[in-house]
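Look at the two complexes coming up: subunit A is in both, with subunit B in one and subunit C in the other.
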Partner chain A sequence: MMNSSTCLRSFSKLSLDRTAHASLTSRTLFAPQTACFSTSTGYRAQVTSKAKKPVAPRRGEKTLNVKKGKKAPNYDMGKRPNPGERKAQRKRIVLSNNNALAVASLQDLSPKNVLDPSIEGKVMGFPEEIVDALRAEEAFKPSQGWGLFRRPAALVRKETAQLATLIKAVEDAKAEKQPRTIRRLVTGDLMSGKSTLLLQGLAMAHLRGWFVINLPNAQEIAFARTDYAPLAGSDPLQYTQDTYTADLLRQILKGNRAFLEETRMVTKPDLPFPLPANSTLKVLVEQGMVNSEFSWAVFTTLWQELSQPGRPPIMFALDAIAHVMRNSDYLSAEVKPIHGFDLTLIRQFVDHLSGQKTLANGGIILGGTSQSNKPATPALDHFIKVAEALQSDPDNVPKWNPYLGVDQRVVDALQGLEDPKQKDFDVLRLGGVSKPEAKAMMEYYAHSGMLRHTVDDRLVAEKWSLAGMGNVGELERASVRLRL
Partner chain B sequence: MASTTRRLAFSARRCSSKLYVQTAQPRFSPLWQRPLSTSSSRRADETPAKDGITTPELADLIDDMYGVQEQVRSKSGPTWQSIDPNGIDQAALQEQGKDGFWSEGEEELGPDEDYYADDITSDGHQLLEQHRELREYARMIAWELPLLNHLARPFEVPTQATPFRFRYTSYLGERHPAVNKVVVEFCAKDMKLSPIQTDKLIKLAGVRYNPSNDTIKLSCEKFDTQAQNKRFLGETISKLLTEAKDGSDTFADVPFDFRHHKPKPVYEFPESWILTPERKKYLEEKRSASVLKEEERKFTGALIDGNKVVESNLPRNEPEPVPVMIGGRRGKALR
Partner chain C sequence: MNLDIIIPKCLPFQSIAFYSITMPPRLNILSLARSIPYRPAPQPQWLPRPSIAPKAPQFRAYSDSKAPQPPAADRSSRIDAKPLPHVSEEAAQMAEITGSEGPDISQGTPVDEVVKGDKSAQEKLPKVMQDALKSNSNSAPKGSRSYSTMVTSAGGSGGPDMGMLNFPPSSSTPAIPGLKFDAPTLPLPKDGHLKHRYDPVVDQVIGLLMRHGKKSTAQRDMALVLEHLRTSPIPTVNPAKPLLPGAPPPSHLPLNPILYLTLAIDSVGPLFRIRSQKGAAGGGVALQIPVPLGRRQRRRIAIQWILKAASNRAQTGSGKGSYAQRVAAELIAVVEGRSGVWEKRNAIHKLGVSVRANIVLPKKR
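On to the complex of A and B.
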């Protein structure tokens, strides 16, 4: 046994011991280049500046400031909002303003008057149960001015009346046992009321007892914030979004509660969960809501049920459609982008929009475009332009620019817009409102106490011109939001 | 290390072999004086037109100009014809002013130039010279420029034989980097090609094609002289045409690419907006009807005033009853 000092010395010179490096080549054995083991370098090492660095005061902590002329940082000492609070504030839907006056002369939409052409050009209120349904379906958007008035109401403009005639046409066709599926893309300038028209379409469908499915924003489906999974047995491979679909089923249940409660299943679907025989559709939907892994199976079963004879027509709407007319943000197992059309919900919508599938009991497929939040989709833009030109100036239809990237799947889906014979597939172009319509709106504003002017022709003409020939959003901005 | 002679040679080559001139000569000969044009030779060949200038007329013109000159000269003192050149000692005159200041005090260079303080400064002379120059040009403008009108020729529309429009730029003798630039413009249709060949020519021309007026525009300034640049343009055009006529690849599969061209929007005043008397009358009637309707609505109460709506809906502001003291102040009896 060596004593400790001898032991340490021999350990420190271990690196010089040639026998310890048997694996090294002979050249290094002659001149060992490793240093002897020592702890002194560690002791003598300079203390790093990290330890000496003064610790910065915590935010909001008061410190003695000896620097002249330099103020202490002006921190906002207020409490920070909780996570998600700001977004909740941003996305909050306010549908009532208690400071606004209730308009006594405001009529409500009703199943009777909703398809009546006489209501065109009037501001009509939405009945309370419809407001609840629309709210559940997220048809109201935070950027719209619902929170300025006592309760939701909207102008029945020319295009709304057109949509009403389409609804009437579908109903008439259904009565004649020749179900008709009408497809429309709502287009128009920024703030021209496209989403509001979609909302009015949903409201009218609700009032007429239709089955309403609304996908409020295509971006939420395509931007990869919800879970997705490949759908077994699909070719080409499709992807389900279980959580999103379960949420959609919840919205569907809220929006169409009465119909789902009273209707019983007639098909015997092969579902992965037990379902009591002859149960109502509500039970089926609730199963999909609760168990999100079954949500897509429930949705398809529900769709089959709706396709049975005697069921109501379907109003199927999707807003901000451009987001799915391209590759989504999801990636496949091969790390390739998944096309928007490969998401099952979107596939369901696009198949019906393109006319590949039709609704068994008729209905309307309504796609909304967005001008404020739209990705570049050359194919969609081109087809919209073509369809608009076919309506307004058929001799001057724009040609496809061969130097733009083309998405063939979108072209295949929207091909019908180029065909003037396909009356069921078209665009619904929103322009500015006419002066009488603007007057009706402004009188409603004045009745609500939000416009403190005499609503005469002069004021209407002024605001109508300021709003770029009657752009609805600009009209609201110029007459209600803007205070001079 | 290089040898001394080698180094000398090296340093000698480093400086320019040319003499340094303060005011550098223009790099290019002033070709603007004689633009590369076929028109002058053509003009020389052709016989003068009837209404153009004729030789006897030109002689009259020159006589007129001489007459004017004589008149001008007779008014202003002795003319150059009246001075006898033999009366002046030319050699002495030349000797005197040759070296100026530097010959002063040198006897062999002759007597010094004396200055009697009766002359104006050189700045003054310059100013006078400038004034004379201006007057000279003013005389030219007054007397000679109107005569140029005789040389004017009517514009002739270019024919099918001359489809190329060349553009040369003259900076009136000044130095300019674009003096040698030549631009040619021609219409694709004028090339007498078949539609397929024309399409190919347009595709080959690429961004040099203007779809609005169907012209191809080429320019060249990579050579030092206009003639060289023009030749290059001519060769390029002939190459383009031979390629366009070559039917082995017609480029039918390549779409036209006009992304470089943004057509200028032309806005026309809408015809329906023109204020014709009928339209004025219609508008007057419409406005008066609107005013009448507004008055009617005001009378019937159908005209909505936002202010009145708000005022009528506000809670009625009734004055609150003010409590009246029964007794006097601080518990004393009322006086």
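On to the complex of A and C.
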């Protein structure tokens, strides 16, 4: 006599036992293999009444402790912050410190003086409307020290003046009806002021009435946190990021409101939504903002509009560029990684950076690199090194290390950096600031009340040396951050 | 017994930490009611130095090169016995004889150029020069550090500057003979000593903030605390919880965060601790005796209280600055009189007053 469980098991296996029904063997050979035990029926069963499970005590609630001698763990009983609150606090950008003294001698940047070489070496404030635009474009970063001073201001360093000359060159070329697209990669050491230089470039472009598009962080585009969809009719297949693009259009509208409001459309694009004839560009952008599924179509239409004659030059910037110089975190339908260049926004940027496309009214394509948060991108690193060597030491240009994996698409895009004849494509390397520049900065700190010290040559030389020969971030850390 | 806490009314802030618990002083006409800061008049610098100028030593140090003396053979009067002159000198003599332009003897002999391309001559060169020739062929010497690991170059693209360009050499010789550099001006700067170069309070808080020996993390937290203090609004002081007498007005505090921190800590630092003497009260009961604390000890206790209260605060944000933010909030609460740390201090002081009779002082003779 078998006990009941053994009996049940052998019965459940009976259906699988081919020897039991010899006549059916040939057919059951092709029958799908089934498990002898399944939980699916149990899952499918209708739940008639809620299971009476013992409810675990809520956190912080007192319960009878039967384990003698063992204390209940001491939970933090405070209310947890709401979802998103912590991140909002972490990413909060403070641009003003009411305790800091207002610096009377601080001049503002203006459309007139911004391209003037005489402001080089001075600390210049950003006018209020520019601050709003830059804030909307997320050009300020939380790690930068804006929150220590009364209002945002930055040193016009040697490299900023170089960028100003580039802006002037673009404007001159536009006046001569020979539009020029200048492309620059901003490189430099950790905390050497790369993102701040990008911000200054955006500010200068705003002041000169350019159209400004800023992609504040390439990582946010490539790390697969926003939705994506294949772009119909693209070959090779590209992917749009509708929510991100709609958000970008919102930022563009905030940053360039005056231009978009006063400019009317001249092209007749084939858009998937009705648009009144001869409407302003603001209406177009707002459509893309509201209906995120049309955002990419709106962006391309806006780009076409900007390419019409008589429109301003474009400043197109992308920070932390290394994140898109490789495969992104998105996956294709074949579960293959999507290359960063296959994302439409990035494609737009890289096509102009590599020189494959040019801006019809001229402009500057500005790419920023990051040293603190960068993935391994051997091709990008190599081309940056080559371009820097071509500037400083043309006899010792580094060779490609054949043992490194090469990303051919990145190589194709950055080929121009190796060519010394291409003056429009180059790197803008940030070194340390000079001692007079450091002195101007530290005097601004002292006037703001953040540095309690007499700023003399001795102090400047001391801090300048401590800051690794004038690295701006280290200089700030050594003089105002009170970091021992 | 009467125990008074004497708090000087108008001492400058720095010297506040000197209050003490004393017996009521016997009247002394000679002593002053208040300490008077007394500083001696500045005296001209005098350094002990020998009155006789040091003479040149009569012996040769190992490091000195040997006195230049002609080789022995040169003393011979016979021309043919004299050794041959140096290559350049010989060439110069020949040039003088022939009346042509010879090499400049004052410049030294460019041996590298002489042996250039001459394999057999190169083999006879000294080892050092042979090595130098070899290393010239490939530019980077082995084992040399690439400049990329050094600090940044100021120009961005130029060579390494290292801050030595345009560096003025110390031109003036020191006025006092025997000194290599100028004597330092007195008083010496506060941060002149390597081990005491930071503010003592900041240093102490860093030490108490530190966990698992991670001092740099503690320093970062300290910097964040001070940054919170300097960006927070001006505190409103509660008159019921008075700060130290002589404290600056609250509007001055955010601009001087170290003073803000020091004031908060010194204001809640207890003046004494209660020592429990076991069995001294009889019947197995501990006798509680108040013991006065020094400045550093008072600060230590206050900092510990503040840090404890900060860690008990509810966490609002996330990330590295969260604890620092709570510590800063607690410091502000201390200055504004909202903190529970004040209750701790008052409890100790109250207990101290009630057990002050337990203090046994040595008998006066």
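The criterion applied here is as follows: the second predicted complex is superposed on the first by the 407 of 484 C-alpha atoms of A that agree within 3 Å, B and C clash if a C-alpha of one lies under 4 Å from a C-alpha of the other, contacts with A are read in each partner's own complex, and residues count from 1 in each chain.
Simple rule for what comes next: contacts are C-beta pairs under 8 Å (C-beta built on N, C-alpha and C of every residue); 3 or more make two chains touch, one makes a residue touch a chain.
The shown structure was predicted, so the numbers you read here are calculated from the model rather than taken from an experiment.
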(request) Look at the residues of subunit A and decide whether subunit B or subunit C touches more of them. (result) C
(message) Output check: A:Y445 vs subunit B and subunit C. Expected answer is one of first, second, both, neither. What do you get?
(response) first
(message) For A:S465, using the defined touch cut-off, is the partner it touches subunit B, subunit C, both, or neither? Pick first, second, both or neither.
(response) second
(message) Looking at A:S295, would you say it contacts subunit B, subunit C, both, or neither? Reply first, second, both or neither.
(response) neither
(message) Contact-wise, after the overlay, does A:Q144 reach subunit B, subunit C, both or neither (first, second, both, neither)?
(response) neither
(message) With both complexes overlaid on chain A, does A:D457 touch subunit B (first), subunit C (second), both or neither?
(response) first
(request) Check the residue A:Q348 against both partner chains and state whether it touches subunit B (first), subunit C (second), both, or neither. (result) neither
(message) Going by the contact rule set out at the top, does A:T181 touch subunit B (first), subunit C (second), both, or neither?
(response) neither
(request) Pick one for A:P402: touches subunit B only (first), subunit C only (second), both, or neither. (result) first
(request) Show which residues of subunit A both subunit B and subunit C reach, each in its own complex. (result) 101, 449-450, 452
(message) List the residues on subunit A that touch subunit C in their complex, please.
(response) 76, 78-79, 81, 86-87, 89-90, 94, 97-101, 147-148, 158-159, 188-189, 192, 388, 391-392, 396, 429-434, 449-450, 452, 461, 464-465, 468-471, 481-484
(request) Mind listing the subunit B positions that touch subunit A in their complex? (result) 255, 257, 259, 290, 293-294, 303-307, 309-310, 313
(request) Name, in rising order, each residue of subunit A that touches subunit B in their complex. (result) 101, 402-403, 443, 445-447, 449-457
(request) Report the residues of subunit C in contact with subunit A in the complex, numbered from low to high. (result) 139, 151-158, 161-163, 198, 202, 206, 219-220, 222-223, 226-227, 230-234, 254-258, 314-319
